[in-house]
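Multiple structures are listed underneath, in structure tokens.
The following pair of complexes shares a single chain, subunit A, combined with subunit B in the former and subunit C in the latter.
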Partner chain A sequence: MKKSALRQSFDTGIIFGIVHIFCVLIAFNAMLGGLLVKIAGIKSSMTAPLVSALVTYAVVLGLWAGIMSARQRREASNGQRLLASLITGASSGLLAALLAAIFLVMLTFKIDPRNYLTNLSTAFMKACLYSLPSFAGIAGNFFTFVASSFLGGLLVVGWNLIGSARQKIVAVPRGWINGLQSGSAQKQLILKYVFYVLLFVVVAVLPLKWGSYWNYVMGTVGLYVILGLGLNIIVGLSGQLVLGYIAFFAIGAYTVALLNAPQPHNLMVGFWPSLVLGVLLAGLAGFLLGLPLMRLRGDYLAIVTLGFGEIIRILLNSDVLTAFSGGPRGVQGIQGPTLFGRPFDDVEYMYLIILAVILAMYVYNRLQHSRTGRAWLAVREDETVAQATGVNTNNYKLLALVLGAGFAGLAGGISAAMNQFIGPADQSLMASINVLCEIIVGGMGNIPGTLLGAFAFKGLPELLREVENYRMLAFGALLVAMMIIRPEGLIPSQRPTLELPDEAAVNPTAATGEAPDSTTGEKSHD
Partner chain B sequence: MNAEIPSDLKKKSYQVLKLVRPLLGGIVGLFLVYRLYVVLIVQHPYGPDTWTRLLIAGLILGGVYALIAIGYTLVYGILFMINFAHGDVMMLGAFGGYFVFEALNALKVGADVKANFLNVYPYFSVIIAFIVGMTIAAVTGYFLEKIAYRPLRKAPRLVPLISAIGASIFLENAAELLFSPQLRNYTNPDILRRGAGWTIVINHSNVIIPYTGVFSFVLTAVLLVVLYTIVRKTRLGRAMRAVALDKKTSALMGVDVDRTISQTFILSGALAGAAGVMFGIHNGLVYYYTGFIPGIKAFTAAVLGGIGNIPGAMLGGLVLGIVESMGPAALGIDFQLKDVLAFVILILVLIFKPSGLLGESLAEEKV
Partner chain C sequence: MTDNIIVTDQVTKIFGGLTAVNKVDLLIPKGSIFSIIGPNGAGKTTLFNCISGFYTPEHGDVYFEGEPLRGKATNVIASLGISRTYQNIRLFSNLTTIENVLVGQHHRLKENWMDAVLNSKRYREEEKHSIQEGVRWLNFVGLAGMGNTPARSMPYGAQRRLEIARALGSSPKLLLLDEPTAGMNPQETLEMTTLIRRLRDEFGITIILIEHDMHVVMGISDTIAVLDFGQKIADGTPKEIQANPRVIEAYLGPGGAALAKKYSRKK
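Up next, the complex of A and B:
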């Protein structure tokens, strides 16, 4: 028992050490540390800002490792927990020191690995050795990890020692939330209206005050909310995984673009009729694609729609359709809607998007709580049972596809007018996967989740420019982690607990019980 | 395989749906016949030399597709999930081979300044490159399963697929950040120079059969035979087939299910790694996005042949390679659209014969 506990702490340290090496090789540590230093607002006392960033990062990683390691030992005494964090710190520090030693060798022999590992410039490797001469740098790396991990262990022990006080602190905000949630129905209704009025005022005033950059960013977020809601109808409500969703966006966008741009055709139909046409065409595409595919389920549908999305993108990008749709250069100079004879400015576009988002949310909400919405849920949960209970599954799945495609067409049309440009590069598979990530991370099948996801995926990267390079990497890791830890998303759908009050007590345990259940499942065969 | 529709539910919509397939089939069939007639008989644009060239290119490409497709099929046969990150496993294998070639190219041998290990011992170098590439890919496959898929064994079907998409994004971007987004040229040993090959004369025109292509094709064939022997004759293969049939029962019969699944991922990863090194040697380019399109194509090939079916994956890969290479010429469409052709084939196969060319009916029952 004792030995296996030691081994566990050691292994945790090794895992953190490997994560550290990976972070260093992709220079993630410099970015993260720099960000932390910036957030904390510490005026760096060291001469080189890079070194202080790297030290900050190493301390944070070490702290995390120490906390993890100390918390793993559930029944252990405080001394054992500290020992565990020390061992973890030592084993991760060993790997860090190994990497530092390799850097030292490469610096001494003037080997430049940048041709293959692109981030390892001489300056960066020196900074990784904390700008210290030779072996002091290696030791510095080692002891940073040991010390910060031990500190993490101390934190956990201290946290446990002040356990009773902690519960009181946590109880205060909980009491507020409960106070808001409980109370008479009338009070709740008033609160709800107050909330809506506040929201309305904020939404109405902000676009005027923000300036064009923020209007552009939040406009993009709004378009992604519409896209997310549309995909939520298909994936979240009716349970069909569609991967080439952005193709419908492209159909809406290109409809508006081709009918309102001077370049390929010079039709100039006007924004509003072409927007309606774009929505209808996107819906029609969804119908035509869905019709033969209704027999397929799950991952097959995913791959076919992925293929469809790629076909649309390749066609738009190829020379074959250049005369029709502008080819790789896209369509430029798209005429948007006009107000009293002059084109929309950014504030008006923002209002247009807000209106579209409200419309989409309204439609989505009504659909979700209608007979149709319940039929979709039935199809999602078990198609065979749904069919047996008299739900015409094919029709409902097709309807979901058509409606979701229509939402995408709406977003596409507005986007084409707002950017005055549309090109095949915007229609990549990654865009589809972005929308999918957005609704999965936010919480499948509900509006607050979609809003949160859209902000997290389109708003945050604008705020955190430094993260740009690592964004997709983080998305990938986040998707895997979400699926393992919290597959229902950050804001899970509330519907089952609302409709089945008897199961309300059962459901949360089932949801939280999933993670430990799956880890124990490793050992037992299913 | 036809969808079993309860008789009391035969409403109008089903009848409409039933009409869609023959209608669509008729349109597609007529279009194919028309285009083939126009191109092959009316226009007659290419001589036999061009067709031979296209056929050779298609066979080589098809071999690589077959190797990757088997990885999909092995995993699908056991876990019923699409290992979306398989193409990226192949990309990492390709990088492994690339780094070996670069390192051996820089390694000087003997007194001669120009002599390097890569060209002094070319056979040995190629073997090392394949071993390293296959090992890296196999290790990636092993950890991929352990981290991203194993905790989700009992989850609903879409959950592992999304996890696989996440893993794919992660691997691609990790490679981009590690090795930079630049395209890298594979340094082949001189005996495997790209563009060099045996020359045959057809229709008074030289047709080159590239060494790299022949090498890839032969190696593919060898690996396929080895794999087939493993699956059919060894204990591991028997365990894999048992787990694919029924996990619970095979666990009761003393098969270590988790270990078998891990070994399957190692096997499929090794094949993907070999395919990656081959792809690098033959096509000459490797970068972080190398694996994506071949991965999707190979999945198409696996579906085409009948997913879960190993000979099917081989056949599907070859057919897809040939169609992709000769199809645009035969149908008289732009060569830029060869990817469209592959995806159209995927969609058509799934619509008309979801079980694939050689497959059993999997598409609906095991979903």
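Up next, the complex of A and C:
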């Protein structure tokens, strides 16, 4: 084994060791291990974790290290791979043992590090030493890593040994997928409809089954999908970086709220007309904001719209408007839509949101592939050239802003009714940024990306409630990793493949005989 | 003025202390191929930008079919029938080639966003019609079968031709081509020359050309204007220009005319 390869395996182990130390210092090992053993039905607490939880965590980390280390050595023989994983395990185990030794010293001399590292209670440190007496704990830490890393190496080697058999197994589902994709047009169409019917059944049945908590979570996700699509019209299609987008949401929400709440006006107009009005008002706000904005591009546009968002929020929060819009307390007791005289329950709201999402997706999809959508994209790509090609860029930028604002108004109106409350705190800058991140992470300018982004930003945090403390940490790491690995978003935008007439296949020299304008009556050459 | 599609009247464009275009008068006859040549930095592209509305000249006016262009936005000028290409290719690079041509047709189409959302008859028909026409233009410039390729992944020469197809999409009366053969090999240059000539012959499009390749310029131009330091120093037929001592001096420096004469005698 070459020295450099040895060094590489050793370094890999050191990296994993450092990761391990950090994880232990923030008690992430107890958290992750706790989650893992929870699957088996064992309960482990954060402050005094079970040894089994910590061992599970260490084995997972060690396996990962071993697999990575063995796979790094692409050209190596199986024995060398195993050796590499062993070395990695040993070097990471050394660091783990070092940490365990420090814990042991602190335990014996009764040093309490909790002033600096709040998680390191005596119970926790004892658990980290696997509740074993003195040196046995240190050795335990070391050997857990060595053994699990070696196991990881074995897995890699085994995986490679059964290579041919594996390919046969993989080939079966792959064949199915290919068969589905390469079928005749009619077969494809039938498959498409089957897919839609299945999707429809799932979408229709789920809200009934999964209870009010999930209806609330997925409802929020749905609203964020609508918001994301609206912002995608503005940012993704027409390329204007608008930051205070949530202000349009606020306008829609407050319209529904003020017209349907006992306080402060007691108008009780009814949900549906006020929802329509909310959408229209948001669009109008987009138009009015757009008029002065048309002269701005890029960073300047972002700053001005940021200001707009803050103005709306601060106005709603201020004393001046308390009598009109409820001030910091917000508007409470908003009357939502009714069904046969009884207010909507969570399932019905979920259906309402699903309908709204489908509507938004439909409108977005139609726009995207039309003359309007292409004009927007042209403006995004190169505004100067777009204008010189004949696109009235100002009109189209304005249109994008109005439509995008309308989407936000729709989401806002539904949200106000669903939560029966709206306050200025919901309109924070963070909300605007969230929507923007959602479409950037998902992939700018396309519907699947927006869906994925909304799930990632609104659904995942709910799923991660268990690990609340690490939510933002995980999130930041996710964002950084994503920007490095997929800078265009998880699902990058692709332009549609248009069905071109047969002439596309014709040899150019043959086609030139009949001039382009021979069949297009509207052309006016003289 | 009716037989001149473009008349520039004392057009002057000043950038700070630099007069990029200085009192240039041009008469460009309808249906001709008109070339503008001159050394680097002579103001050719600036003059183009004045005609296509990117710049507003400080003095003087540009008339298109007798109508002054001053104060008109570039999209209005485009819809009057002036299209252009760019010295550095400026395509909508993330769009497919056919979409680029469709954007070119933009101002001639009437469907609006409501049509698209409601999938109206007008939308469906216009979409079908404009795609057909776009494919014809692609075929015409020699990009058959590349309709769904993203513009950015096309080879260089094809991108140049796509720019022309996009410009043709707006059904122009006047086409401004800014160095259409720059960076092309002799074969591609020949094809481009043929293409330009066909544009004029088959569709009667007036063409103004900025070009450095003298074979191209002398081969296809009806009239040539020479700019140097922002001023027009000569115009005329290719023969006249080739014999003009001021033009030779602009390219070769003072005394260049005499040198050229001597050289040509020796030959």
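Worth pointing out:
Operating definition for what follows: the second predicted complex is superposed on the first by the 316 of 526 C-alpha atoms of A that agree within 3 Å, B and C clash if a C-alpha of one lies under 4 Å from a C-alpha of the other, contacts with A are read in each partner's own complex, and residues count from 1 in each chain.
The rule is short, and it goes like this: a residue touches a chain if its C-beta (ideal position, glycine included) is under 8 Å from a C-beta of that chain, and two chains touch if they have at least 3 such contacts.
Owing to the predicted nature of the structure, the values given are computational and were not obtained by experimental measurement.
In the superposition on chain A, A:Val435 makes contact with neither subunit B nor subunit C. By the touch criterion defined above, A:Leu399 reaches subunit C but does not reach subunit B.
With both structures placed on the common chain, the touch criterion links A:Ala378 to subunit C but leaves subunit B unconnected.
Once the two complexes are overlaid on the shared chain, A:Thr389 sits against subunit C while remaining clear of subunit B.
In the superposition on chain A, A:Val363 makes contact with subunit C only, not with subunit B. Of the two partner chains placed by superposition, A:Leu352 touches none, neither subunit B nor subunit C. Touch counts on subunit A: comparing subunit C and subunit B, the chain ahead is B. Counting contacts as defined above, subunit A residues 387-388, 392, 517, 519, 522, 525-526 meet subunit B in one complex and subunit C in the other.
Residue ranges on subunit B touching subunit A, taken from their complex, read 3, 6, 9, 11, 13-14, 17, 20-21, 24, 81-82, 99, 102, 147-148, 150-155, 157-163, 165-174, 177-180, 247-248, 251, 257-258, 296, 299-300, 303, 333-334, 336-337, 339-340, 343-344, 346-347, 350-351, 354, 363-364, 367.
Here subunit A touches subunit B in the complex through residues 22, 25-28, 116-119, 239, 241, 291-300, 302-304, 306-308, 310-311, 314-315, 318-320, 387-388, 392, 394-395, 433, 436-437, 440, 469-470, 472-473, 475-480, 482-484, 487, 517-519, 521-522, 525-526, going by the rule given at the top. Subunit A meets subunit C in the complex at residues 362-363, 366-367, 369-375, 377-378, 381-382, 384-393, 399, 403, 493, 495, 497-498, 500-501, 503-508, 511-512, 515-517, 519-520, 522-526.
Residue ranges of subunit C in contact with subunit A, taken from their complex: 52-54, 73-75, 77-79, 83-84, 86, 90-96, 98-99, 102-104, 106-109, 111-113, 115-117, 119, 123, 126-127, 129-133, 135-140, 142-145, 147-148, 150, 166-168, 170-171, 173, 198, 202-205.
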